[in-house]
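Mind looking over this structure? Questions follow.
Note that the chains are named A, B, C and D in the order they appear, and that numbering of residues resets to 1 at the start of each chain.
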Amino acid sequence: MLRLSRFLPSTSTSRGVTGLKDALWSGSLTFKHALSTSAANVDENASAKKFASYTVFKGKAALSISPILPLFTKLESGGSRVNRNGSVMLTFFPAVGQRKYDYTKKQLFALSPTEVGSLISLGPAESCEFFHDPSMKSSHEGQVKKSLSITPLGSDNGYFVNITVLNNVQKTNERLSVPVTKAEFAVMRTALSFALPHIMGWDQALSTHPQSAPTSASKPRFERPNPDSEWDR
Amino acid sequence: MLRLSRFLPSTSTSRGVTGLKDALWSGSLTFKHALSTSAANVDENASAKKFASYTVFKGKAALSISPILPLFTKLESGGSRVNRNGSVMLTFFPAVGQRKYDYTKKQLFALSPTEVGSLISLGPAESCEFFHDPSMKSSHEGQVKKSLSITPLGSDNGYFVNITVLNNVQKTNERLSVPVTKAEFAVMRTALSFALPHIMGWDQALSTHPQSAPTSASKPRFERPNPDSEWDR
Amino acid sequence: MLRLSRFLPSTSTSRGVTGLKDALWSGSLTFKHALSTSAANVDENASAKKFASYTVFKGKAALSISPILPLFTKLESGGSRVNRNGSVMLTFFPAVGQRKYDYTKKQLFALSPTEVGSLISLGPAESCEFFHDPSMKSSHEGQVKKSLSITPLGSDNGYFVNITVLNNVQKTNERLSVPVTKAEFAVMRTALSFALPHIMGWDQALSTHPQSAPTSASKPRFERPNPDSEWDR
Amino acid sequence: MLRLSRFLPSTSTSRGVTGLKDALWSGSLTFKHALSTSAANVDENASAKKFASYTVFKGKAALSISPILPLFTKLESGGSRVNRNGSVMLTFFPAVGQRKYDYTKKQLFALSPTEVGSLISLGPAESCEFFHDPSMKSSHEGQVKKSLSITPLGSDNGYFVNITVLNNVQKTNERLSVPVTKAEFAVMRTALSFALPHIMGWDQALSTHPQSAPTSASKPRFERPNPDSEWDR
C-alpha cells in the first residue's frame, strides 16, 4: 500500500513548484528573483508567456520538468511550419541543507521528442540513457558531456533519474540523482504525453482559426483537386 | 458481464450531476441555492467561471469530483508562472434516506498533482492512502486529520473510496465510504488524466496566443542565441 | 496479420462519414436532406455548430457514433455550471441492399459518461450491456425498452455491437448488430476517451478566458483566503 | 538498456524536421523551396495554415508523418459537418548518400482514421498491412497499387515500416523500408492518438464558441424538448 504523508515533513515528500516558498524559506527572495530574471531572458517581447513545471524535492536534489514550445518559421505562402522542435527541460538542483536547494548550481537537460517517447514508453523494469554534447559539431565538441539515465527503483516502485555532467576542460564530474516514486512518475508520464504533440507543433497544425477554417461549402467539391491527397504526384 | 440498468432505480445506479434534481427531489431548491452561493464565493470577479463535476450516488454516500484551476502570478517580464497548483476536489455527501443526500454535511479532500498521479496509476489490486492536515504548520497542527484511502473491491470490479475525518478538538471521527464500479473509475481515471496537465498549468504554458506566437521568421536564426537551450549557462 | 483492403469493395470495409455518398448512391440526396434537417432541429440559433462522427459500414447494418455537448446553466454569480451532461450518440442503420442503408429506420442509443467509461475500459474478452427506457418515470414507463450490448468477437479481434429495441405497444422487437474490428474499436475507444471530459464539461471548467484568467498578481497572496481549499468549511 | 547518442553522427540517429538543414546540407535550398511551394499549393487562401511533422532519418530512407485536417461543409442550418475526414500522411524519402535524402523521389501514404486506429492498437509482436489504389473506382483502377506494412523488429524493439508502390503501367516496383525504434514508435503512437479525434473533426464538434455556447439559462428547461435525446423519434 502506497502512503503519501503530509503530516511529517520528510525528504521524500513531493510538492509542486508552489511549495518552493516553504521549501526554500531561507532563500526564497533570491530564488524568486533569479526565476523572474530567467523568464525575462527568454524573449523580451513575449510578454504573455506562461511558465509551468512539475517539481519533486528529495533529500539530495530536486528535479523540475517544464515544457518548451517549438518555433515556427513563416513560409512564402503565408503559412508557417515548425523550424525547431520544442522540448521538455529537466532541471536538477542540488540540496544544500534540509529542504534547501541551490538554484545557482542547477544542471539542465532538454529532452527531444524521441527522448520523451523513450521515457513515456518505459516499462516498470526498463531503463534508458541519453547522451548530449553541448558543443556538438563545433570546435569545442567533446569538451562537455552530459548523460541522463533513468533506472528502475525495483518492485514497480518508481525510478532513479540521474544526470552526469563531465567537463573535460574544468576536469569536473558532477552527478545528481533524484528518486521518483511511481505516483510522481505517473505525473511526469501524463504531463510528457500531453506535452509531446505540443512540442512538435501538432496541436497548432491541427487547430483551426476563424480566418482559415477549411471548408468546401462555397466551391463545389468536384471543381478542385484534393491537394492533400497521397495521389497528387 | 457488466450490467448497468436504468429501469429499476437502485442504490448502485450512477448518474451525472444533472441527475441531482431527481436524486434530491425533496431538497432540490435548497441544494441548488447552496451550490450557487458556493460558486459565488469562489471569486466575486470571475463572472465567466464554469463548473463541472462527475458524481456517483450510492447507498450510504455520494462522491463528486471536480477540477480546480491553478493560479498564475505575473512576472516582472510581463509573463506569468504558476503560483499555486490546481487540484481535483473530492466531495463526499452522506445519504439521509433513499436517494437523498445531506449537502451541509459534506467532507472535502483536494488531490494534489502527485496524488492524482497515484490514483491514475493504481493497478486493479492496488490501494493507496493520503493524509492531510488542514492546519499543517500552524498552531492548530494535528487538531484535524483527514485521510483518503482507495482500496480494491476485488476481482477487478472497482474500488472503495473512503474518507476519514478525525477531529481531536470536537472528539469526532466521521467516515464516509463510496463503492466505485470499474466503469465509474474509468471515468474518473480519464477525467483525472485529462485534468492533470491543466491543474499544473501545462496547457497554458503550451498554448500560443496571437500576440506572442513564437516565430523566428523576421530574425535570421543564427543571429540570436537560443535562450531555451540546456546549453545557455 | 491484419489486412485492410481498399481494392475490393466488400461488406466489411469501413469508411468515414465522407463515404456516405458512395455507400448511399441510390439515396444520397434524400439522406443529405434528412441530415441537414436533423441538424437544423438541434438548435435554431446555434448557427456555428459543427457535427462530426465515425461510421463503420457492414453487411447488415452501419453504426455511427458522434459526440453531443453538455448544457450549461448560468449561475447567480455570473458563472455557469453543467446542467445536463453531454453524451455519445450511437446510431444504427439497417442495410437494405449491398452498401445501401435505410436512414429512416435508424435506432439511437445515447451513452452516458459512465457508459462511455464502461466501454473504454472493456478488456479484450469482456462484454457489457446497458438498458434504457425512453419513458422512464413517466406513465409510459416500460412501453419501450432498449438495450445495447458489446460482446467480444473472440481472439482479440474486436466486438459485436448490438442494439435491441422492444416495443410492448407496437409488439415489435428490432435488433441490429454490427461487427467492429479491433482497429475500428481502437478508433472508437480513442474518440470516446477524447470526448469523455468534453461531454462532462471538464474542458470548459479547465479552460481560461482572457477576462477571467485567475491571477493573484494584483493582490498579495496572504491577504486573501483560498476559497478553493478543502479547509474552507 | 536503450541508448540514444548525440555524440557520433550515425545513420540511425533520429531528429525532427528541424534537423533537415544538417541532414540535407547539400540540397538544403532546393528542399526548402520545394516545401514552401508544396505548402502554397495546399490552399491559396489559407494564409494562416501551420505545418508540423515528425521525421526519422535512417540509413536507406527517411519517414515523415504529418497530420491533415478534415474538411467541413456548411449545412443549410448555418452549422457545418465533416465532408471529408482528415488523415495522417506518411512520406518516405530514399537516401542518396550518407544523411542525404532525395525529396523528389518521395512516396506518400495517407492513413485513414481506421488505419490510424490499427496502428495505435498494434501489439509489440503484431503486424498490419494496408492496401491503397490511387485510381479506385476510375478507369485506371488497378494500374498503381500501394501497400504499407508494419512488422515487428523483434524483442519489443520497434517496427519496420515498409511502403511498396507497384506501377503496372510503368512496370516499376519501388520499395522503401524504415526501421523505427520503440521510442520513435511511442512518439508516433502518441502523436497519432492525439491527431485521431482532430482528423475526424471531433475536437471542433466538441468545442464551444462564444456565439454558440449552449446554455439553457434564458429558457426554463421544461419548456423545450431535448432534441439531442435518443428518444426524439
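Following the convention adopted for this analysis, a contact is a pair of C-beta atoms (placed from the backbone, for glycine too) under 8 Å apart; a residue touches a chain by one contact, two chains touch by 3 or more.
None of these values were measured; they are calculated from a predicted model.
Trainee: If more than half of the interface residue numbers appear on both sides, call it same; otherwise different. Which is it for subunit A and subunit B?
Mentor: different
Trainee: With chain centres taken as the means of their Cα atoms, state the distance from subunit B to subunit D in Å.
Mentor: About 35 Å separates the centre of subunit B from that of subunit D.
Trainee: Would you mind pulling out the distance in Å between where the CA atoms of subunit A average out and where those of subunit D do?
Mentor: Chain centroid spacing, subunit A to subunit D, equals 25 Å.
Trainee: Mind pulling the subunit A residues that touch 2 or more other chains?
Mentor: 70, 72, 80, 83-84, 132, 203-204
Trainee: So what shape is it, when you link every pair of chains that touch: line, ring, star, complete or other?
Mentor: Contact pattern: a closed ring, each chain touching exactly two others.
Trainee: Quick check: in the complex, which residue numbers of subunit B touch subunit A?
Mentor: Counting only subunit B, the residues touching subunit A are 70, 72, 75-85, 112-118, 120-121, 126-133, 136-137, 142, 145, 193, 196-197, 200-209, 211-218, 221, 226-233.
Trainee: Which of the residues in subunit C end up touching subunit D in this complex?
Mentor: So the residues of subunit C in touch with subunit D come to 1-7, 14-18, 22, 35-36, 39-54, 56, 66-74, 80, 83-84, 87, 89, 108-110, 132, 134-135, 146, 181-187, 190-191, 194-195, 198-199, 203-204.
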